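Once you've had a glance at the structure underneath, I'll fire off some questions.
Here the chain labels run A, B, C and D in written order, and each chain numbers its own residues starting at 1.
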Amino acid sequence: VASVASEVGIPALKPRPDDAHKGDFGRVLLVGGSRGMAGAISLAAMSALRSGSGLVTAAVPETIAEVVAGFDPCVMTVPCRDSDGHFSSVPEDLKQQLKVADVVAIGPGMGREVDRYFLQAILELSQPIVIDADAIHLLAETHSMIKNRKSATVLTPHPGEFSNLANTEFSKRGEMEAAAVKFAADQGCIIVLKGHRTLVTDGSREYRNDTGNAGMATGGSGDVLTGVVTSLIGQGYDAFDAAVMAVHIHGRAGDFAAEKYGQASMVASNIVDSLAAAFKSHVAVGAEVRIGF
Amino acid sequence: VASVASEVGIPALKPRPDDAHKGDFGRVLLVGGSRGMAGAISLAAMSALRSGSGLVTAAVPETIAEVVAGFDPCVMTVPCRDSDGHFSSVPEDLKQQLKVADVVAIGPGMGREVDRYFLQAILELSQPIVIDADAIHLLAETHSMIKNRKSATVLTPHPGEFSNLANTEFSKRGEMEAAAVKFAADQGCIIVLKGHRTLVTDGSREYRNDTGNAGMATGGSGDVLTGVVTSLIGQGYDAFDAAVMAVHIHGRAGDFAAEKYGQASMVASNIVDSLAAAFKSHVAVGAEVRIGF
Amino acid sequence: VASVASEVGIPALKPRPDDAHKGDFGRVLLVGGSRGMAGAISLAAMSALRSGSGLVTAAVPETIAEVVAGFDPCVMTVPCRDSDGHFSSVPEDLKQQLKVADVVAIGPGMGREVDRYFLQAILELSQPIVIDADAIHLLAETHSMIKNRKSATVLTPHPGEFSNLANTEFSKRGEMEAAAVKFAADQGCIIVLKGHRTLVTDGSREYRNDTGNAGMATGGSGDVLTGVVTSLIGQGYDAFDAAVMAVHIHGRAGDFAAEKYGQASMVASNIVDSLAAAFKSHVAVGAEVRIGF
Amino acid sequence: VASVASEVGIPALKPRPDDAHKGDFGRVLLVGGSRGMAGAISLAAMSALRSGSGLVTAAVPETIAEVVAGFDPCVMTVPCRDSDGHFSSVPEDLKQQLKVADVVAIGPGMGREVDRYFLQAILELSQPIVIDADAIHLLAETHSMIKNRKSATVLTPHPGEFSNLANTEFSKRGEMEAAAVKFAADQGCIIVLKGHRTLVTDGSREYRNDTGNAGMATGGSGDVLTGVVTSLIGQGYDAFDAAVMAVHIHGRAGDFAAEKYGQASMVASNIVDSLAAAFKSHVAVGAEVRIGF
């Protein structure tokens, strides 16, 4: 498919030092949510916590702050100024949190009614960022800014979002993947092109995932992935490694959920609950180095 | 009982294609709820998700939007204009959602204080619809509209609701069933007449269910059924097949719940939680073709 | 202790007819709650559902309606006019619900800031009622009204509440029990005097419970009992039988919870969750007739 | 490290008398929370209930009262006057609760935007108190008041909080521990210096914990510890004994959680859920007397 040969292993999970404290695993800030879609950012936050982060904060429009806070007592929230259930244009309430975060994700459940200046403020951060869901649509008009970012940028589009981003209708998965590799190379970012065999690429390397199943084609599944990849970046993994490991673990968690609930009945929160089993089994096998996917 | 001979098999569950995405399993819109009855529409939505739908949205009066959103992070909501905890007359806030939905259900927990124009707007949709609970009472005055609908209409009355709809007091189950068959034939709809041995009829075919138990005589049990049947229609099953399969699976889930919690102590959310086991066992046996119930 | 000989068996659980519908198990209305004590009435409602009732409604001050509704989608609520987080004086919002309920309980989490006219309206109902917790304190000034009630009245005081009701400090459990028997005889009511070996008396019969453990000395445990006894009355059990069975089952559920979580760590919601096991084991042994406790 | 020899056993859990009632295990009042950090005080309260307390109340800014109340129906709340999501200066709403509480904890999720007079009012109580998290930062300016308290004062700083309290940057854990022992001796309080091997000291005795793991380096873990130690003090354990037992049990619960979910995926609510197993296993081994840690 792509012209670039690749050889990518799934990184091993780093052991947690005995004398670690919660700050050692990164401060994760997840920005998203809107009235009617409070669950998406909550799933991302709960997933980040269950991927090893010690401090996870969800920044959300204040209308939904209580719903998000109610899902999990371990997630902190930043209620932000609100315009009819969406973020208002400038994230004033986030200034302090944006300063201290080690990684920032934006997009889950955010809706498209958000001002592009809001996304721009995130893009201008010096930390690594993850861009997902509706934020990818917002980005579609403005992606030139990615190239100038000072640290890693991970985009996690599903095919529809990538088509919009590339401003192209693709008739074959292969063409879309080739475009994704090119986009990543051109923009200096990492693309996680979701689908049956999710592709992770930084423009020179490619990883195609072999875990997961069709039961994961359910609302919220992508938000879980966003939480996992953001968490791993916050823990200090290289962004490409983090994306590869996240995609692999996410699929594995989905496989555990399918085993327990069946593909038809499993829901995204079952994937969250299965992250523990997925990480445990990943620790058990250690780093798997694979050649020529 | 009825004059029509029938031979109905329970359809098999279609496998999920490996490269499926969440949109492939239909956009389900469930309309209902009112202050004091937020749980009903929530149970329906959670059940739809656990029946294979990838995208499930509950449209509810905005007073209860946060309660509904808080039950399950995988359910999306549309908070609608509100009149004292009930939908106000015209579902303006729903216009966009009604346009994109593949199937719409209306009724669970809606209460009877809703303007009939609200129901009428749903009846005029071109998609298949499912009408349950209080929406059936609203329909009782206006059922002539069903006949002119362009796609499938499924009604899921319990005996009291059907009596109201047929404007008749029935002294025997048999008489009520015969009237249900006639009603379905006359109106060109599918009737799911709930009870000990739930009847599904489209006026020419009849299916009598043999799963389920008296522990399912508990508030919310019918809302779960609404969620399952709506989900299956959204996944592209023929509406009659969907109703048959839903009734069968719902009863099976109830049987799993009774086994675990006993008939006295089981509650409707236990049925929701047992849908996974019910669908898994249904997959295991495959399509069961039965003759002459 | 008491001068009355007694011989009381624990009633068996009636089987649920195959063709039952949710209305056949009674409409239960539980009135209580206040800001800061939303959990109590919620525990009572969740317990009533898990004791076999098909339709359970919690009537609560509207400030807490969303919290109560959020605990369990199977519980319905009636948000009532509110005075600083407590019921305001006359339960106008309850009129319809009070008319259709088969049994009404009042008290859990209600607080003492409630107008006595509120309690009086409940006492004047023609249905059986259960009076618990703060409602017993309110009753302490006004108990003459019990005698004139037309149907069963069950009071479920703990020792402090009974002391207040009897306007007496008791130095020994025996004296208190004797006073409870006399109170029940004088007022024509049933007293459930909670404690290590809970006493149930109607003034002529006495039942002393032998299930339960000290882990049940935890906030909310009494609210669970209120839910169970109210549910059983709503299902048509004689009020004294219902009280005996409820106390027995409640203790048994507490024993299951203690076995699982230990006496120190078990909480009232664990007792709710153990009601299923308690009812199942009660069904298994059938009616136990015991002589001369 | 410290100049004081020590010999400290982990106290056994006192059995619960058969005729106990919920008031016998102490009235616990936990003061904390702020908008965005409702989970911390909730975790503390849920932990106190699961450590044997019968009556646990969380006093919180009223903005978050419903979120806190929604986590666990067994926790009572006191919604307090609010200034932009934080406690306003004087805890008027708490007066009655402060009077009846057997022990008061302050700090979890409180934020630093709280007026120092608020903390001062707690310090002036005659009951034992536990000071955690942000309240320790507030204390840093004002710790002279501890010395004059009439009952036990337990401080549970993590290293950053202790550095702030001692107004010193420590380069080695040993130096910090020595300073903690001195601080405890000087101020007449008990210090729980959290970390890999948590130190409990009253200035003359020292206990170093050997349970727990790096999976506990996750947000909310410390709040759970606050709940456990406050609960045990409320049950009448000597404050130093309570702190030792709490630290030991908390670590053990964390070990159970790690076993089940793995160090990466475990979250603080898993520790809460594991308290039951930890207390049960502690009861099983009885008091462990250890010499010369």
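As a convention for this text, contacts are C-beta pairs under 8 Å (C-beta built on N, C-alpha and C of every residue); 3 or more make two chains touch, one makes a residue touch a chain.
These numbers were taken from a predicted model, which means no experiment stands behind them.
Taking shared numbers over all numbers used, the chain A to chain D interface scores under half, which places it in the different class.
Relative orientation of chain C with respect to chain D corresponds to a rotation of 90°, obtained by superposing CA atoms and rounded to a multiple of 5. Note: centroid distance chain A to chain B, computed from Cα atoms, is 35 Å. Between the Cα centres of chain A and chain C there is a gap of 49 Å. Counting partners per residue, chain D has 66, 70 as the residues that reach two or more other chains. Shown are all chain pairs that touch, namely A-B, A-D, B-C, C-D. In the complex of the two chains, the chain A residues touching chain D come out as 13, 16-22, 24-25, 49-57, 65-66, 69-70, 72-79, 275-276, 279-280, 283. Against chain D, the residues of chain C that register as touching in their complex are 35-40, 42-43, 46, 64, 66-67, 70-71, 85, 158-159, 173, 195-196, 213-215, 217-221, 260-269.
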